[in-house]
Each structure stands twice: as structure tokens, then as C-alpha cells.
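The two complexes that follow have chain A in common; it is paired with chain B in the first and with chain C in the second.
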Partner chain A sequence: MKINKMWIPVFLLPTVVLFLMIYAVPLVMVFATSLFDYRLNAKDMTFIGFGNYSRLFRDPDFFQALSNTVMWILIQCTVHVALGTVVALILYKRPKGWKFVRTAYMVPNIISNAAIAMIFLNIFNPQFGVINSVLKAARLEHLTRNWLMDSRTSFVSVTLIWVLFAGYTTTLVLAQALSIDDTIIEAAKVDGASPFQRDIFVVLPLLKKVIGTTMVMAATYMLQMFDLIYITTNGGPGKATTNLPLLLYSVYKGENNYGYANAIGVCIVVIGIGAMALINKALKVNQEEY
Partner chain B sequence: MKKYTLCVLKYLLLVICVCVALFPIVWVFMSSFKTNAEILANGVSLPKSFSLKGYQDALTISPILRYFGNSVVITVCSTGFNVLFLAMAAYVFARCTFSGKNLLYFILSLSLVIPMTALLHPVYGVILKIGLYDTKAGLILVYTALNLPMSLLILRGTFLSVPKALEEAAYVDGANFVRTFFQIMLPCAKGGLTSAAVLAFLNSWNEFTFALVLTSGQKARTLPLSLSYFTAQFSFNYTALFAAVTIAVFPSIAVFAIFQEQVVSSLTTGAVKE
Partner chain C sequence: MKKKWIAVTLAWAMGVTILAGCTTKNPDQSGGNTAKDSGNSGEIVINYPTFQVGVNTAAPVVSQLVEEFNKEYKGKYRIQLEEVPGDANYVDKIKVQLGTGDLPPVVYGGGYNLLDLAVAKDLVLDLTDTVGGDPEWKGLYSDASLETNSRNGKIYASSAEGSIIGYFYNKELFEKAGITEPAKTWDEFFKQCDALKAAGITPLAMDTADSAWVTQLWLGAMAATANEDGLKFMETMNPDDYNTPEMIAAAEKVQTMLREYTTLDAIGGKYENAANNFLSGQAAMIANGPWMIGDFEDEAKAMPGFSDKVGSAIYPGGFVYDAPIQGYFVTKQDDPKLEEAAIAMVKFFTSAHAQQLGLETQGMIPASQTVEITEEAKRKYPLLADFLNQAEEAAIRSDNMQSTMYSNLLDVISQELPRLYSGDLDPKGFCQSLTDGAKKNQ
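Let's turn to the complex of A and B:
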């Protein structure tokens, strides 16, 4: 087959330009500018080496944001992924209405986070929100509170906005489970394994790889989480629900301290790559697989 | 008996999941027909009468139509560009041989692991430098790029699965490279193209963070941003707010309902297989 090689660079050009402009150049810039004292104006940049990083280690807000971020990644990789997997394990036997459940469970994952945030802002609303309305109806008025802005409940309330919506995980794990060869499950049946044993010892190990993928996705999602928190609590009360992207945004927009904001950006990149490597190693998922 | 309990528990879990997933949307949709007083009196009651006043208010007190238009333009353009450009690149990676191909593919697929919110300020810097700050073109550019990794993955897989004999026949008949691509390969890859387009559409339609950072005025702001504008300015007209949320989520749900099988299969091809 003779291909005119002239066309190869032409076909690659748009993608390469997009990659350079939005990924490569910004990535280099985030590392480079994190080494400068860089506020407001690029002309006044001075090289300070790791000065921004040493400020990170003295900044209590950073540690709060870091621990919240790590906490949310852990919750999402365990509770959220486990919930999605359990639902997939129920659905793969094709019970009545399994397709409907799969579709319905995806709905919160495909609508915009801004809408989800607005909805939960109202579900948790202290005056007419669903939770307080139900509590009042049950004569438990002493339990009503401003769920998102009460420092005792804000972290849990914010977590509830995403942790239960495991539609993506269910869809991915389900697709893999449905493609398992029936003869494997039949063989286990012949060997006398109960349905529960079949799920745990036969099906689940075959899903290890896809569960690893969903964990990586969950971790990246939480590492980048911004909109849901920004709209509902904006990181408050105090810094109770701030994570690294929110801290980056507040340093960037609030303080106009771009060098420091980009040092936080470098942390996010490093944590992202680290988390991915860790999950891959823990589950021995080959990096090439997804 | 034990088996029976387990079965009940399973269905109970499924029912709870469906309720948790659908309740917020149903609640908002229902509330968008209530009056403000009804909402404040009892958040979970059914609407007493059917009224479209919320929608009227949403249209009059905020430029939501304008934001809707911006969202349509930006999403349609970025989805189109993304699928076209990435199809071209994916085709080359699937079919041609040239030196440095594997290295280039590896570098491009690194975009999958870069957390983009870390790059807020530098991306803003790039967009400002090329004069696209607060323009639709700026957001189109960024959204086209944001969907690069997923589309590359899906489309390369699609082209690899198209039989080579088809192209060879085209070349024998004297078609050139470009014509073969547009007239033979693209129609063959329709499934993958739809999948990539649906995912790109949903991502762009729902994107919030870059829209917030890269725009300042009404000229280029998108629908998700208009919602947060609602809390700040009209926090007392809840009916209008719920109507606006309904307007914002309707296109996503419609696209998902129509192309559901594609979304599911694209998630599977993109993330489970190769």
C-alpha cells in the first residue's frame, strides 16, 4: 500500500498544536514559574528557587487542603468504588430492570456539576431544604442545622454530594463483568460454589483490572475537584472543605500570587502521578491497559 | 430463608441507588413549578398548581438565553473540531509508519494523566497571550484540547478495528490519502466517532472551572456559570433558580438518553479495553 507521506504531518498538526498549547507549554510554565516570586506582573518576577515550596511547608492552609484532598481521594477510591462495584455485581446477573438501573444511576454523572451543586445547596438549605424539612416532619427539630456551613457537618455534607453517585464505576465494571466467559462461572457452579462464593472468588478477581481503572479515575476526579465545592461551600467554613484546587484558585485569584499558586499546581501534578503509580502497583495493573 | 433475605437486600440496594440518583433531578423539576412561597413553606411538598412562572422569571431576570446560546456555540464547535482533528491524528497512528511514531503517541497520551486544574494559571496565560481571553474562541480552543486524550484513545482503537482491505481497494481505484480518509475511513468509524463526540459534548457542556477562569463578561460565559450567578444575585427567587437548573441539565439528559448505548460503549472501549 503506497501512502503519500506528505499528508502525515498535515494530519498530525492540529492535535500536536493543541497538545503543545494547552498541555505541554502550561506544564512547563507551572514548574518554571513556581520557582519565582511572581505576583500580578510578569515584569517583576524574581527567582527565589524553592522559596514558594518552603512557604508551603509553613502554611497551615496548605496542610488542611492537602489532608482534605487525600481524605477525599481515599474515600472515593474505597467507599465510592466499592458501592459501584457491588451494584455492578448485582446487575451483571441481569435481574429484572437492570438496564433501567444502569441508566438511572448514570444520570447524576452526566449532568453538569454546577447543577448538582445548586441542587445540593438547596437540599442542605437550612430553611426549606429537604433534610431539614424531613427532620422537622419527624419532630427532630433539634437535629436541624445549616449542614454545609456548620463546621461539624460540612466535610461530611460535601462528601455526600459525590460519594454515592457511582454510575461511572458501575457502568465500567458491569461492562467487564458481562464480558466474562460463561463457562468459567459454570465450572465454578459444577465445583459446588455458592452464588456468593462465585461472585467473590471467581468474578471479582477477573474484575481487578477494571476496578483499578475506576480507582485511578476516582482519584484523578477527586484530585481535580473544584466546581462542586466552589459553588456549595467555597471551601468554608474556615478552611474545613478546602482542597488543593480551591486553595490554588484562592491564592491565584484572591492574592494574585501566581508563583505560589503554581507551586500548589506542581503539588497537584506530583500527587496525581504518585497516586496513579501507587494504585497501579497495588493492583498490579499494567499502565498500558487503560 | 437466608437466600430470600439476600435477594431482598439486593433489590433494596438497587432501589435506594435509583432513588438517590434520581431524587435530586425530580425534586428540582417538581420545584420549578411551585411558587416561591410554597418552596419556603415546605421544601418537599408536591406543587399545588402548575405554573411556568419560574421559567418566565429565569428568562427575564438573568441573561440565561444568552448563556445557553454561548454554551451551544462553544460545545458544538469544540466537539466538532475535537472529533475531526483527533480522527485525523488517530488514523495516522493506526495506519501509517514513520520514525518516532511510538514516542509521539506516548507523549500525546501523557495528557491523560495531567490534572488540568493544576494548570489553571498557565492556561490562562496562554489564552491571554494569544488574545482569546473572554472570547468564545478561547473556550472552544481549551475544550477541544481537554477532550484530546479520551478521543485519541477511542478513535485509534476504532481505526485499528477497521479492516485494511477497504483502504487498499480505495487506493487501487486511484483515491488519494485525503479522499480515502474522508470517504472510506470516516464512514467506517461512525461508531467510534459518535462515542467520542458524545463524551466530548457532555464534558464541554458541563465544564465549569476553565469557563470561570477564562471569561469575565456575558459575551462568552456558559450555562454552568449562569447558575452560580443566580445564587449571588437572585437568591430569593428559588422558583426561577430551579427553572434555570432544569434548563441547564435538559440537554445533557437528552443527549444521554438518545446516545446512551454509545456512551456506555465508549466508556468501555476507552477505559476497559485497550
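Let's turn to the complex of A and C:
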């Protein structure tokens, strides 16, 4: 059927208008106000050029938050996505009860982050939490600690809250795997490939794009991560679990410094775009393959 | 041709649907902050957002005051409550409105220091002449209240409530540890902590999260009673140097308290954890104000008869927190009639009658020294009466740290106390972190 291309812009127009009003204009405003000394406790805004950005490079809290954010993106893009992919590959073999496992593995992803945070606050509770109780029962009392508030364990403890539950990755990868043409797998079988070889050399390469997509999703999820950290540690102890969104919030709410908070916001956007470009380029997510 | 028209219609419908959400509402539906004439009556409506609704302890008082005000000024002024559940949400809302310069006619400053932010933006009405011209209103201002609500010699706000804070102890647990009365000195206090610990009792209920309200009360009390410099520090608004010998010594003691004398969940725990530990009889002492007295009798929070086990005390060294809570202020409006209405509301809400009502309904301590603590209030809140008697003996008084510190330090103190506990920070480092945090406000 011949499509009249003239109508494409007409139907795109509402979306474009919506995007401009809801995302583009605020983004421009965020960048514009980040060039001002814009505080709640000052009568007027003063233009300071890139003053807020130069403060970023002198602020140890920013570097700590940046380092935590990048670390979490890397962990999410590797460990989290790998776990989800492995589970998907196992389920792809359709073992007994695979549909139940697929649903069960998805459950943590449908619970709100606030509820998950509360659950883990209890799990990690130093007084009555499961972890310390199990350690005590196993006569490993010397290993008990305040998991979320000990500088040595807080980062790992917070990471464990989300890194193991890769339901979305599993669902997406599994859906893609199930759509692979059986003839390709049969051909590999005829060529004498073992099940492991078929997974690694046939199935996995065909999942490259969807894995890339899940990595982009994982990275952006980490750039937005706020509620889980806010409820469990509020970025502490010290700045051990502060990421960029949490730092932005504390600058906005605590220091009432909107200009500096917006400069951090611009950094988050830039890092997000950078991470997406990097992942897309590395995994050629947007390129057609023939 | 028909298809073309269908396509155009669909595209137009999509656009209209999207843009419909962006159109300006009727002002009457906008929930804005400005006054509205209700019909032709000429009645000025004061839109008053407040978090003192629902389960908030002050809700009954505010509700009754609104009802009485609306009755007294019927046909002239009317308060329309806008419910904003949660004080943090309220503060956020006011800050956003401060940013846009569109504040409601009356703002409750509370313990959130909203006044300075609004004064800096030149959005607050100067009440100096109005208060000065009204001897009854002026008479309700104590020196402390005047100081709390004035900036650069101008009166900007009016307080209804005071804040006298000591600590509570569990008499039964004290008895088990052989303690007969609250400590008079800090040395005695720590010996009592040792005695409680030796008897298998956790001496203190403490917290570190959410600004560490309970813990910072102990910290401030120790700093204030150290010497004159310590008290001067506690009386300073927005101090920017915490590297003082008094603060470092107090931080050292707090480090010991967190390590030796409190529950495991104090580190990272919120006020609720601390309160629960005290209310469940797991900890012997908690620093807090009289507003907690209601919890002792609340069987949803404490065991029946728990209130009989509780005693109240002022801090060792004869110290009590005693400062009026920053009050209500009127914001600049386009309509002078609305400003007049807002002034009438603030005057009503901070009147002797309102303060009396707060005392008898909620156990709220009046801001004004001229408002009598009635026998009825003493009968209803015996623990409060007992505490107020003790507070009269206190030789040293100051505001609490949370009210005087820069707001960003509330987060800093929450984040650094766990590091003070673990030893990642020594007391000097802890004070340096607070100093560094304070400097970010300059």
C-alpha cells in the first residue's frame, strides 16, 4: 500500500508539541537557570556564566556522587543485565515450570520502590533483621553489623536491593529469544553444535540488540534512582551512597540553591545521553543488520 | 478525499486533546493562593494551606480556630483551609511558591525557618506598626518571642506556641538500676547510664536519620551547659563554625552515647525508632518535648499504664530548651484588603485565647509568658505540669540546634552521625563536616 508521506508530519505534530512543552522547554530552562546564582534566599537571580559548573569541579560531594552513579551504571549494565540474560536463556529451554519462574522473577519489578525499600530496611535492620539473625544463629555474630549504615557495607547493601531482580531484562530477552526462527537453531544442531555452543554462538548474538536495549534501560534507571536510596540510607553514611539525583535534591532542598542544583541536573542529562550513545555504539543497537 | 478528511480530523483531535490539559483553569478552580470575593457578599476569602490537619496533633486546635474566626468575621473574612498532609510537603509547597513569588496570605513559619527565606525575597509584610499600635497584641510578645519573629528591628511574625524541651525517663527502669532521681550533672548522667547498662537496660533511645532530632537535643544540651561560649553558640542563629571546643567535646560524648548506651537501630534509625524504643520500655530515657506526652497514654503506641511509669526532667547542668516557635507571618499581596484580612487572621491565631486553646486541647506550651497555665491544663497533663515546674528552676536556656542551624545541615548531621559512631570521623572531623556544610550557604 502506498503511504502518502505528507501525513506523517501532521500526525507527528501533537507528539512534537507535547515533547517541546513537557521536556524540551523545561530542559532549556534548567540549562538557562544553571547559569545564574539562583537561590531561594536571595531576592534576585544573578548571571554567573559557568560559575555553577566550575563549582562542580571543586565540590568533593559531586565527585563522590558522580563516582557512585557511574559505578552503579556499570554494575547495572553488567551484573544486572547478565543475570537477567542468564535467567532468560535458562527459561528459553522451557524447563518444567518455566512460566511460573518467569512470573515469579517478575514480581519484584511490579512492587513499588518505596515498598521494596521498606522491606530491605527490615531485612538489613541491625536489631531484628533477617541477615543479622541468620548470622547470629550460625554463630557468626562477629560478622553482624549495621549493613546500611556501615561505610564498609552500605554501598554493597544498597546495590543488592536492586541488582538481583532483573525481571524486565529477563522478559525482554526471553521474548526476543522465543521469536528466533527454529530453523536457525536446527541448522546449528545439524552442524553439530552442542546446546552450550548454540546458546553462546547462535542465540546470544541474535539477542545483541535487545541486550543493548536493556543496558540502555538499566543505565537510565540508575541515573534516575532516587527513592530506594533516599528511604534506605538518604545517601549516607557520609556520602557513601549518594548519587547525582540525591545530591541534586539535597542542594535544592537543603541549600536552597536552585542554580547549582540545575547544573547538577544538566550533568545528569549529559551523562545519560553519553551513556546511551556509548551503549548504542558498542552494541550497534540502532543499526540494521542484513 | 473522505480518507483525507478523516485523517485531518484525527490529527486535529489529537492536538486538541493534548493541548486541553495545558489551558488555563478558571481561577475559582485553580486552588490558587489569592483571595476571592465569594459572590456579591464582598467577603474576603483567605486561602490557608496547612499541614495541621488530619492526624496532626495540632489539627483540632487549628480547626476550632478557623471555625471561630469564620464565625466572628462572618460576611467580612473567611478562612478556607487547604489541606497539605505532612509538614515536609508543606515546606516544599511554600518553597516552590516562594520561588514563584506567589505565597498564600498567611504562612506558618513553625520550626522550618521559612520566615528568613520570605524576608530575603521581600515578600513579608512588616507588622511593626500594627503590633505596636495594639497594646493587647504587643503584650503577648516576650523578649524571646520578639527576637524570634523580628529581623533588623522589624516585627514580621507572631508566635502562638513555645518550645520547652527536656527529657523523659522510665521510672520503673530507673528503679531497677537503683537510680532515685534524674542526674543533676553530666558526670552523674553518664554514671546513671553505666548503672542502667549494668542492670541490662539500654539507657538511651536515640536516632541519626531525619535530622537526628533526639540525638541533636542531647548534643545541644551538652554544648549549652559546657560554658558561656557554648551557650552563646547555641543562641547564635545560623552558626557557621562548629569547630568550637564545646561542640567537639559534646560530639565526643554523643559518640560514646551512640556506641555504649543506645539501641543498635539508633544508627540509621529515625525518630520513630527512638520513640518506639522508649514507648516499648526498651530504653530508659528519651530527649523530647511535652508534645510526646500524649503518646504515653495512647494505647496504639504504648502499653496500657505506661504514662504512670514516665517521669520528666530538665537536662543536667540545669538546662532546658526554651524558645518560642517561629510564628505566623503575613505575605505581601496585590489586594490591601486581603492583607488586612491576613493580619486579622494572624492576630486571632496568636491571641491569648488561641494560646490557651492550644494548651488545653493539645498540651501546647504558650509562646507568651502572660498566658496562664490553667489548672485544667495541669489536671489534664500532670506530666506537663510537673515538667513546667522543673523548667522554672532551669538556670540555662536556649533554642534548639535544629531551629538555628542552616537547613542543609539537617542532612549533614544525619549522614555524619553514623560515621561518628563507626569511627570513620572523630569528633573534630564531625564538627568540621558541619562547618563545611554551613559554609555552602555563603
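Note that the second predicted complex is superposed on the first by the 262 of 290 C-alpha atoms of A that agree within 3 Å, B and C clash if a C-alpha of one lies under 4 Å from a C-alpha of the other, contacts with A are read in each partner's own complex, and residues count from 1 in each chain.
In the analysis below, a residue touches a chain if its C-beta (ideal position, glycine included) is under 8 Å from a C-beta of that chain, and two chains touch if they have at least 3 such contacts.
Being a predicted model, the structure only gives us computed values, none of them experimental.
Within the superposed three-chain arrangement, the count of touched residues of chain A is higher for B, of the candidates chain B and chain C. By the document's definition of touching, of the two partners only chain C reaches A:233; chain B does not.
Of the two partner chains placed around the shared chain by superposition, chain C is the only one that A:41 touches, whereas chain B remains out of contact. Shared-chain residue A:150: touches chain C; no touch with chain B. In the superposition on chain A, A:57 makes contact with neither chain B nor chain C. Shared-chain residue A:168: touches chain B; no touch with chain C.
Taken together, the two complexes place residues 7, 11, 14, 18, 21, 125, 127, 258 of chain A in contact with chain B and also with chain C.
Listing the residues of chain A that touch chain C in their complex gives 7, 10-11, 13-14, 17-18, 21, 40-43, 125-127, 146, 148-151, 233-239, 250-251, 253-258.
Only residues 1-5, 7-8, 11-12, 14-16, 18-19, 21-23, 25-27, 29-30, 33, 83, 86-87, 90-91, 95, 100-108, 110-123, 125, 127-130, 132-134, 164-165, 167-168, 171-172, 175-176, 196, 210, 213-214, 217, 220, 223-224, 226-227, 230-231, 245, 248-249, 252, 258, 261-262, 264-269, 272-273, 276, 289-290 of chain A touch chain B when the two sit together in their complex.
For chain C in complex with chain A, the residues that touch the partner chain are 7-8, 10-11, 14-15, 17-19, 22, 92, 95, 98-99, 116-117, 120-122, 208-209, 263-265, 267-268, 406-412, 414-416, 418-419, 421-422, 424-425, 433, 440-441. For chain B in complex with chain A, the touching residues are 6, 10-11, 13-14, 17-18, 20-22, 24-25, 27-28, 31, 39-44, 81, 85-86, 88-89, 91-92, 95-96, 98, 104, 107-108, 110-111, 113-123, 125-126, 141-142, 144-146, 148, 152, 164, 167-168, 171, 176-178, 181, 202, 205-206, 208-209, 212-213, 223-225, 227-228, 230-231, 238, 241-242, 245, 248-249, 252-253, 256, 260, 263-264, 267-268, 271-272, 274.
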